[in-house]
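Scrolling down, you'll hit the structures one after another.
Shared chain: subunit A. Partners: subunit B in the first complex, subunit C in the second.
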Partner chain A sequence: MEQVIANGLYLGAQYALIALGLTLIFALMNVLNFAHGQMYVLGGFVTYAIYGQLKLPFVVALLCSGVTLAIIGALMEKLLFRTVIRRSKREESTMLLAAATAFFLDAVMLLLFGEKQRGVPKIISGVFVSERVILPYDRILVGVIAILMIAAFMLFMQYSKPGRAMRALAQDRVAAQLMGVKVERYSMIGFALGAMLAGVVGGLLVSITGVNSGIGGPISIKAFLMVMIGGAGVVGGAIAGGFILGMMESVGLTVLREYGDITYLVIFALLMIFLSIRPHGLMGKPWG
Partner chain B sequence: MGSEMINRRSTLKSLALGAVSFLAIAAGGAFSAQAENKELKIGFVGVTSGPAAAWGTSNVRSMQTRADWLNEMGGVKIGEDTYNVTIVTFDDQKDPKRAIAGMEKMAQEGIHYVVGPNVDDGAAAVRPVAESKGIIYFPYAFPKALYAPPASNAVLGMVANYQSGPAIYKYLKENKGVKKVAFIAANESDPLSQRDSGVAAAKELGLEVVAEKDTYQNDTRDFTPVLTPIVQLKPDLLVLSGVAPANAPLLIRAARELGYEGLISAETAQDATVLQEGAGELANGFISVGGASTPEIRTPVMEEFIDRYTKKFGEYNDESNTKVYALEYIIETLKANPKAIDDVEEFKKTVDTFSAPNPYAKDSTLKYVGTTSFGQKRQLSVPMVVTEFKDGQFQTLFVGEVD
Partner chain C sequence: MRRTHAATLKIASAVLFLLCLLVAVPLLINATGRSDLYYTLTSVALLSIISAGVWITFYIGRINIGQGAYALMGGYVSAILVMNYAMSFWLTLPLAGLFCAAASVLIGLPILRLRGVYFAMVSLVLTEVARLLALALPITNGASGIVSIPLPSRLSLFGLTLIPDFATLANPRLAFYIASVLLMALCFLGLYRLAHSRIGQLCQSLQQNEELASSIGVNIAYLRVIAYALSSFLGGVGGAMFASISQSIYPSSFTVADSVNFMLNCFLGGLGYVLGPMLGTFVLYFGWDLLFQTGEFQLLIFSTVLTVLILVLPNGLLSLALPRKRSL
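Up next, the complex of A and B:
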C-alpha cells in the first residue's frame, strides 16, 4: 500500500504542475486552452533537443523550454487571442482558436521532431529501495522540484505585483481595469506564464516519460479533468485536482486490476456524479 | 555612354532569353522523358498523425523511398509498359470512419492496390469498400476474418502475433526456463486481441499465466502504478502485448525500476533508437519480433534502402524493415501478371503461384503465405526475425517463417 501511495503522490505532483498553467489562463482570460498539452510537448522537445541532442546541462534545457514557451504564449495572446476576444462576442470563438492552435502545433511538431518517441538520459541514476517502497531517485527529484515549483508559483501569485494584478484580473476584469491594472499587459504575462509552466513541466518530465508528437491531446484532456475536479480557474483547485487524480489512478490501478481497465471508467463515472452535485468543482471559480 | 547602355541591356536580354529558352528546352526534355512512362498509383490509408503516427508514417516513408528509387532507375516495367510509381496517401487518424473515406478516395482515383490500414477496426471498416470497388489492400491488423474466406481482398502485411507468439514462448520455455508469464496490454482492440491470443498460446504450451487482465490507457505516460501489482507477482516473462513503440521503453523502464528481473518480450516490431533513448541499458535483454531485418540477414539492397530512407527523412525507423515489403510485393506481383494492373481478380489468381527473389533478405523469396492461419494465401511472407535488444542494437535470436 505504501508503494501505491508513493506512486499516487508522485503522479499527483506532476499532474498538479501540468494543470496549473491551464487553470491560470482560464482564470485570466476565460480561455479553455486546448493547446496546453501541445505546449507541454513542445517544452519536452526543446529539452530533448538541448539536453538530449546538444548535450548541454539539463537546467539550461529546462530554462530554454520555459523561455521558448513563454515567448510563444505571449505571441499567441498578443496576436491571436487578444484579437479574437476583441472582435468576437461569442466565447466559443476562443475555444475554436485554441483547438486550431493545438492542431497547428501538433502538425508543426510532427514535421520538426518526427513521429518517434524521444527520450533523454536520466538526470540522476539509482533507485531508492526499502522494504515497502521502491522509487527511482529521478522520480523523487522530479516530485520535489514539482512541489517546489508549485510553492514558488503560489508565492509569486500571492505576493508579487504581477501576481496580485493577475489575481485582480481573474476576480473582476472590469474592476481591475478601473483600478488601473493594465489588462492587456497582464493578460499577456498570464498567458506567457501559463505556457511557460506547460513548457517547463514538459521539459522536466521528458527525463522520466519521454515525449512524442502525438501526446498533446491526451495531456490536455487529463489537465482538463484535474481542473474540473478542483474548480476551473482556481490555482488551489488545480493542485487539489492533480493530487486527487494521481491518487485515484494509483489506487484504482492496483485495487481494480482484476476487473480489467475500469479505473478510468470509475474515475469518469465518479466525476459525472461529482459534477452533478458540485458543477464548479471543489473550489468554484475564480480565485474565490 | 547611351549606346553602351543599350548594348549592355540587349546583351542581358539576349542572355535572359537564352537562359529561359534553355530551361524551357531542358524542362521539355525532362517532361517528355517522364511522359514516356505511365503512372502507377499505389495508395496508402492509415494513421500518420496522433499517438500512433509512427505506425503509418513508417509505411508511407518506406513506400515513398522505394517509389523514388524505382522512378530514379527509370520506373518499373510491367508487361509492355513502363510505369513511374506514385504514392497517394490518406491519413485516417486511426478513425474507422476516416479510413472508409480514405478507401473511397482511392477508388475515385482509380487505385486498385492500397497499403493499410494500420489497426483492426480501420481494416475491418474498409472491407466493404475494398470489395465493392475492386481494391486489394494490405492491412497491418490481425483479425483472421479479414483474410479467411469468404473475405478475399485483404492481404496481411506482416507476421501476426498468433504466429510469432507461440514461437517466442516455446523458445523462451525451452532455452530460458520460463514457467510463469504475465501479460499486459493497452486497452484497445489490437493489443487486447493480441493479448488474448498470446494468453491462449502460453496456456497451450503449459505455461502458468499469472496476469492476463492488466491493461493501460494507450496515452499513459507513467507506467509505475500499472506495473506495481504485476511485478509483485514475480513472473519469469512479462509480455507487452501489441505494445506501441512509443510505450515499450516506458514500460520496460518502469518494470526494471520496480525491481523486475525477469524477461520482457513483445510480438510487435520496435525501434532500436526509441528503446535506447527511452530505457537505455534497462532495455537490454528485451525480446521482440525485430522488424524482419537484422544486419545478419540484410542484403545490399536493404542496406541501400536504409541509406536512402535516412537521407530522405533524416532518421531511419526500424519498423520499415517490415513495412518496405508491401510495395515490393504489389509491384512484383503485377510484373508476374500484368493483367492484374487494373483487375484484382487476376491478382488473386496470381498469389497462389507467385514467387520472386527477396531483394531485402538473404536466402529468402517473396511469396504469399497464410494457408495454415487463414485457409488461403492472404499474407505476405516476411522473415520472422526474433531479436534481443542489447546496447542499442537488435541481435538475432532466431529466424522463423510463417507456414
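Up next, the complex of A and C:
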C-alpha cells in the first residue's frame, strides 16, 4: 500500500503541474487550451533533442524546454488568440482556434521528430529500496522538482507583481483594467507561463517515460479531468485535482488489476457522479 | 406577400439543391469515372448529420464535444441488432437513434446542469468513456470490433419494395449515396423547422441567458434534455449508417479527434446558420481529402489553413455570404 501511495504522489505532482498551466490559461483568457497536451509533448522533444542528442546537461535542456514553450505560448496569445477574441461574436470560437493549434503543433512535431517513441538516458541511476517502498532515484528527483516548481509557482502568483496582476485579471478582467493593470501584457505573460509549465513537465517526464508525438491528445484529456475535479480556473483546484487523479490512477491500477483495463472507466464514472453532485468541482466558481 | 415570396424562393432553392445532389452529381461522377467520390460524398452527408446534432446543442448554448460517443453507440447498436438478432438494417436505424436518445437523457440529466467549459470538458470525456466501454463490454467484442456486417436488406411495405436489397444492386455505393443524401435532407429540413419553431426560439433564449429564461417561465431543464436527446438521436443515426457502409465498427471508429471534428464542422460553417454544419463538414472533409497528395505535410497545411480561416472569419464561413442576416 505504501508503494501505491508513493506512486500516486509522484504521479500527482506531475499531473498537478500540467493542470496548473491549463487552469492558468483558462482563468486569464477563458480559453480551454486544447493544445496543452501538445505543448507538453513539444517540451519533451526539446529536452530529448538537447539532453539526449546534443548531450548537454539536463538542467540546460529543461530550461530550453521552458523557454521554447514560453515563447511559443506568448506568440500564440499575441498573434492568434487575442485577434480571435477581439473579432469573434462568441467566446467559444477560441476553442476552435485552440483545436487548430493543437493540430498544428502535432503536425510540426511529426515532421521534426517523427512518430517513434523517444527516450533519453536516465538522469541518475540507482533505486531507493526500503522495507515497504521501492522507488528509482530519478523518479524521486522528478517528483521533488515538480513539487518545488508548484511551490515556486504559488509563491510567484501570491507575492510577485505579475502574479498579483494575473490574479486580479482572473477575478475580474474589466475591474483589473480599470485599476491600471496592463491586461494585454499580463494575458500574454500568463499564456506564456502556462505553456512553459507544460513544456517543463514534458521535459521532466521524458527522462522517465519517454515521449512520442501521439500522446498529446490523451494528456490533454487527463488535464481536463484534473481541472474538472478541482474546478476550472482555480490554482488550488488544479493542484488538488492533479494529486487526486494521480492517486486514483495509482490505486485503481493496483486494485482493479484483475478486472482488466478498466481503471479509467471507473474514474470517469466516479467523475460523472461527482460532477452531478458538485457541478463546478471542488473549488471552482459556479459557472466559471 | 413578400414573405411568401421569400419562402417560395427558399423552398425552390432547397429542392434545386437536392435535385443537384441526387441527379447531377451521379451523372457527373459517371461522366468522369471517379466513383470513389461516392464514398467521400456519402461520408460528408453522414458526418454533416452527426454535426447537425452538435449544432443543436450549440443552439442551447452548450459546447458539445461528445458526439463521437453517440455515433459510436449508434453504430454498435445497429451492428449488434443486425448481427445477433438478424434485424433489418432499416429498422435498426431509428432504433439506434432512439437508443442513443434514451441514453443521452440519462447522461444528460446530470451533466446538462454544467455550463460553458465544464460541459465541454465532460462531453469530451464522454467520448473516451464510450471508447473504453466498447473495449470492455463483452457484447461489443472488444478491440477486434464487429466486422462483416451484411449490407442493408430489402425493405417492403405490403409486398411493395420500398428499398431494394443493397447486396443485389450493381452499384451499392450509389445506393448508399442516395440514402445518405436523403437522410441528410430530412435531417436539415427538421433542423430548419426546429430552429424556426417555438421550441427553437426558446432554445435561443437558453443560449442567451438561462436564468432570465427560467425566470420568465421557460422550463429550461426539460428543454435542454430534449435538445440534447435530439442531438444524440442524430449522432446515433449517423453512426449506424456509417457502420453499415463500412460494414464494420471498432472502438476506434469514432474517437476524441472525431468528436472535435464534429464541433469544428459547426464552428467553421457558422453557429448562427442552420446550413452551417453541412458547409463546414463539406469544406473540412474535402479540404482534408484534397491535401492528401501533399503527403506528410497534409496536417501542417490543413491546420495552417484552418487557423487562418478562423483568424479571418471567426464567426464561420457563412458569415461571409450572409452578413446582413443577423445584426447581432
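One rule holds for everything that comes next: the second predicted complex is superposed on the first by the 285 of 288 C-alpha atoms of A that agree within 3 Å, B and C clash if a C-alpha of one lies under 4 Å from a C-alpha of the other, contacts with A are read in each partner's own complex, and residues count from 1 in each chain.
Following the convention adopted for this analysis, a residue touches a chain if its C-beta (ideal position, glycine included) is under 8 Å from a C-beta of that chain, and two chains touch if they have at least 3 such contacts.
Predicted model only: the values in this text are computed from it and were never measured.
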item: Partner chain(s) touched by A:95 [first = subunit B, second = subunit C, both, neither]; value: second
item: Touched partner set for A:59, first subunit B, second subunit C, both or neither; value: neither
item: Partner chain in contact with A:249 - subunit B first, subunit C second, else both or neither; value: first
item: Contacts of A:179 with subunit B and subunit C, given as first, second, both or neither; value: neither
item: First (subunit B), second (subunit C), both or neither touched by A:127; value: first
item: Partner chain in contact with A:217 - subunit B first, subunit C second, else both or neither; value: both
item: Touched partner set for A:108, first subunit B, second subunit C, both or neither; value: second
item: Partner chain(s) touched by A:155 [first = subunit B, second = subunit C, both, neither]; value: neither
item: Which superposed partner A:257 touches (first subunit B, second subunit C, both, neither); value: first
item: Subunit B and subunit C contact sites that coincide on subunit A, given as residue numbers; value: 106-107, 110, 217, 260-261, 264
item: Subunit C - residues contacting subunit A, complex; value: 58, 63, 107, 109-111, 113-118, 120-122, 124-125, 128-129, 132-133, 135-136, 256-257, 260, 263-264, 267-268, 271, 296-300, 302-304, 306-307, 310-311, 314-315, 328
item: Subunit B-facing residues of subunit A, complex; value: 3-4, 7-8, 10-11, 14, 52, 106-107, 110, 114-122, 127, 129, 134, 136, 139, 205, 208-210, 212-215, 217-219, 249-250, 253-254, 257-261, 264
item: Subunit A residues within the subunit C interface of the complex; value: 26, 30, 32, 34, 80, 83-84, 87-90, 92-93, 95-97, 99-101, 103-104, 106-108, 110-111, 217, 221, 224-225, 227-228, 232, 260-262, 264-265, 268-269, 271-273, 275-276, 279-281, 284, 287-288
item: Parts of subunit B lying in touch with subunit A, wherever the complex brings them together; value: 48-54, 57-58, 187, 213-217, 219, 221-222, 224-226, 228-229, 245-247, 249-250, 257-259, 271, 273-274, 277-280, 313-315, 317
